[in-house]
Amino acid sequence: MLPRYAYLGPAGTFTEAALRQVAGPDEATYLPQADVVAALDAVRSGDADYAVVAIENSVEGAVTAVLDTLATGEPLVLLREMLVQVSFTLAARGGTELADVGRVAAHPHAWAQCRGWLRENLPGAVHVPSTSNTASASQLAGSDELPFDAALVPPPAVSHYGLQALAHDVADNGGAVTRFVLIGHPGFVPAPTGADKTSLMVHLPDNEAGALLTMLEQFATRGVNLSRIESRPIGDELGRYSFSIDAEGHIAEARMGEALMGLRRVCPVVRFLGSYPRADAAPNEVRLNTSAAAYEDARSWVEKLRSGAAG
Amino acid sequence: MLPRYAYLGPAGTFTEAALRQVAGPDEATYLPQADVVAALDAVRSGDADYAVVAIENSVEGAVTAVLDTLATGEPLVLLREMLVQVSFTLAARGGTELADVGRVAAHPHAWAQCRGWLRENLPGAVHVPSTSNTASASQLAGSDELPFDAALVPPPAVSHYGLQALAHDVADNGGAVTRFVLIGHPGFVPAPTGADKTSLMVHLPDNEAGALLTMLEQFATRGVNLSRIESRPIGDELGRYSFSIDAEGHIAEARMGEALMGLRRVCPVVRFLGSYPRADAAPNEVRLNTSAAAYEDARSWVEKLRSGAAG
Amino acid sequence: MLPRYAYLGPAGTFTEAALRQVAGPDEATYLPQADVVAALDAVRSGDADYAVVAIENSVEGAVTAVLDTLATGEPLVLLREMLVQVSFTLAARGGTELADVGRVAAHPHAWAQCRGWLRENLPGAVHVPSTSNTASASQLAGSDELPFDAALVPPPAVSHYGLQALAHDVADNGGAVTRFVLIGHPGFVPAPTGADKTSLMVHLPDNEAGALLTMLEQFATRGVNLSRIESRPIGDELGRYSFSIDAEGHIAEARMGEALMGLRRVCPVVRFLGSYPRADAAPNEVRLNTSAAAYEDARSWVEKLRSGAAG
Amino acid sequence: MLPRYAYLGPAGTFTEAALRQVAGPDEATYLPQADVVAALDAVRSGDADYAVVAIENSVEGAVTAVLDTLATGEPLVLLREMLVQVSFTLAARGGTELADVGRVAAHPHAWAQCRGWLRENLPGAVHVPSTSNTASASQLAGSDELPFDAALVPPPAVSHYGLQALAHDVADNGGAVTRFVLIGHPGFVPAPTGADKTSLMVHLPDNEAGALLTMLEQFATRGVNLSRIESRPIGDELGRYSFSIDAEGHIAEARMGEALMGLRRVCPVVRFLGSYPRADAAPNEVRLNTSAAAYEDARSWVEKLRSGAAG
């Protein structure tokens, strides 16, 4: 049986582009889902083996839902990250010209990312909010009576749905990239590559600024840099937070292991969400005194002292 | 002329309920907007005097868009915060019974908050994603041919649109509250009440864990607690962050003033977004050695030493 | 052969009283020395097996010389600490009365500790500085022509030298205690008792306040309290310091081992000077999250994660 | 009346050399004292206007006595620091040759500093401890019957007492320098020069490592470097410490003022011991973000925000 991947569909989404980096349609069963929570639930329920979801800076919806879903319930882990260049095509039915466009369907996130371009190139255009840019593409392909003339859609959706491109690379910000992750069941940890990330979810011991400092010092003292830290409300009570963290390095490394031990001791809740290769393959910066060799030297020095050697 | 308030409309939204806490419909001109960014833009352009927007834990969409919009562009400030209890009514046209409901319209955030209730009470219900719960209410009121039978809507929308309530207080989590803020132009700072917040947006000096610690120490050293800290990507480059912060206290207070001075010195960008009363009116905890009196004692002590007094 | 102990002599010193806590005169060979450096040198040269020296708050001279001597050269370690109650007897030759006393011999440290008493009880007394209070006792016993009439001496010296006590318990500060240590060669570490100290000498990575903080955080992050920290100039260059530190706990304990590993990584020089029982036998305070159990739980948790367990 | 200076005498001491840097014998009344505590007491009692005492790395005795004496009692302040190059002359009566020397008088500190030289050049020499190297010089000049043949004395003492130099620059460590300070009554603070020190004595809030960190962060957060930090026992109870600190900068500077305010708030006792020019005149390193300009910018920024300006 081919491995089954749940992802935010339908065909043509940026998430699908991320999934293609992991496994081509011939090597895998693609299971499109209505939203990211459903994609994760599919893995938990056994309907899928893996999920591919956006984890940061998405134009396709609630990344916070991913973080919150991973934070509780049956444990899942991140296995790999993938980057996808994000830009839109303004697409319409065949025969439409740019000058004809008065109403544009777009997910509010997509609209926000293209606001400047639209103001300049389609000054009077009215925003018709949609819940999915790819769904708008599909509607353009299928129905005559639509409340919009064109839509901002992911580039792959244009040919997939037989649409006409009115403008390519529509985006106020040329280099926008979305980060996706491959998610699966615990059971093994990808081998360290020297360019890895470790994702965590932690609760603070209490709500003071001091508690956040105490938590961060667990990383700083061991020379572990953070590449992302994001607070998330815990449950519904305002004012209590968990922190979603990406740290540079792999749990197999001594400095990361010691930092995790520190978190485990000082934080009431720590959830390990995986160590996995970074998409950009940029080697982790390791200061001399936090290298594997420095840790090994320190460990063996203390061992020797414990048995009475001169120190 | 009545003061003009831009807010996320249409009538019947939770945001409208927050606005009513500030000014009743008789005392103000209500200007409903399609999204929160449009509400803020209306203040910047002069079309509105104030905006009311959700700032945390919203079920009506992108709070991050509020943070990002405040973070750049023409300065705006927070003037007040309001809390609104959030629960949904499952509503339909007159004559519908719960047993008839097969398809339910809901904003994906609302669906997520009611998932458990729906699984139990409407086991086979299909989710029809909408971009606005209140818009679904309006559609139920107006059109016969709809791709859904019922919708999760804010309670005030039921009577406003002449719908029928099939279930009240639909929410997996009984006490959910959303935090809203009143936003306006700089020019004055609300007087300190002893139960205040100060909102800030800061960039870190660089990307190391050490930089985040340095920033947080500006607060901790002066005894200022943080009630919220959230990282936001800066522009589109992955891996660079700004921090959106709510600190307990008022800029008029000595400890907050000194903490802000510290941030101004060590962070490349600091944007002050206002000092304003907390909605819960819970007095700020002030440790003895960071009270106004302790600061005043310390200030006058140093003044005396500078002119030669014994210390 | 009896074990040989070098100590600051002659007979009757407070150091001898400390030595008696370790080994009585029947069980050991007592080797009195002219100063503490000579006592340590005797161990290094093999002339003695152990040395007993004051390490803190001494009235008998340069404790800093002990710290400096341990800091460089052939490694020595602390094996035990002893406390000795310090007060003086004002002693003279038989037949002398308090009213006859015009000139009082005393080591400047002893004089300083008794200044108040002397002002009150011997208002006109002149200080005759001596290099050793016990030497003054010996001189009183042996010579007729002395530039002083009485001396402040350790209580045991009175009978040892056949003197007459004019006043007992002379001290401005009733409870003065001096801390002594037993010093020997490395080779074994006394077993942990739950009430231990670990002594260290470290150099800072550089001279900034930040470097001192970095060093101290190695302890704080692991929940290790310091009971003493003292800066000592490194060599003769003004402005460069080493730190002499007593930390609460034993190198065999996980939290101390990890703190030492941290020091080894971040400090250019770390010298381990021993883990040994505290004289006061007061159990080390261990916060819940730095207990041996907390460390063991954290270690095994990380081990399990590394082999793929859910975290 | 000429200003009166109390100092550690007699004539010919290194302290006298330090005093000469402040005021020549024609411009001042020199009041030699038996020890440093007496020198400070002379100022407190009004017998002297100023005192000159060693404050660090002294070969002439208890610098800790200076720190302890300044730490309590009537306030005194440091007004200036002076450096004196320290080396010894091995001196004897006229007619003595190096080969004749069997017994050498020396203060134990001086002996310790010359131990290596003596071992090499006078292998069999016996140490005769003295309480003052200059006193030994005076004895050599006056008496025939002495228990020593030569003495380690400060160079100026040779001609002052009409002795013969057997060896110059006797010291194991060529560049030894002792730091002296000029001490007087509070009443004015020397003007800032850009190369200043501020001396302080502080007690910690409690005995934990965390308390020391909290204290040091008051400096680090404001960008103030420390050039010296030394723990001193408080009174006689073992285990309680005060800290004697030299910080780089002047109390008139904004960053130092704010650091002192912080100490005043968090430490139970802070004694200001003066801001004064550094002897080496090396300009204080000031990071860009802690310059006077950075502080002034931050102060005026917060002022503007408080009156409603955009931030």
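Lettered A, B, C and D in written order, each chain numbered from 1.
Keep in mind that, in the parts below, contacts are C-beta pairs under 8 Å (C-beta built on N, C-alpha and C of every residue); 3 or more make two chains touch, one makes a residue touch a chain.
Keep in mind it's a predicted model, so treat the numbers as computed, not measured.
If you take chain B and chain D together, no chain is in touch with both.
Graph distance from chain A to chain D, where chains that touch are one step apart, equals 2. Counting the residue numbers that touch the partner chain, chain A and chain C have more than half of them in common.
As a whole-number value, the distance joining the C-alpha centres of chain C and chain D reads 24 Å.
Averaged Cα coordinates give chain B a centre that lies 60 Å from the centre of chain C. Each chain gets one centre point, the mean of its Cα atoms, and the points for chain A and chain C are 58 Å apart. For chain C, the set of residues that touch two or more other chains comprises 217, 220.
Viewed as a network of touching protein chains, the structure reduces to one closed ring of chains, two contacts apiece. Remark: the chains found to touch one another pair up as A-B, A-C, B-D, C-D.
Interface of chain C with chain D (complex): residues 34-35, 37, 56-57, 61-62, 64-65, 83, 108-109, 111-112, 115, 127, 129-132, 173, 175-177, 179, 207-210, 212-213, 216-217, 219-220, 224-231, 233, 235-239, 241.
Residues 75, 77, 186-189, 217-218, 220-223, 251-252, 257-258, 260-262, 264-266, 270-273, 289-290, 294-295, 297-299, 301-302, 305-311 of chain B touch chain D in their complex.
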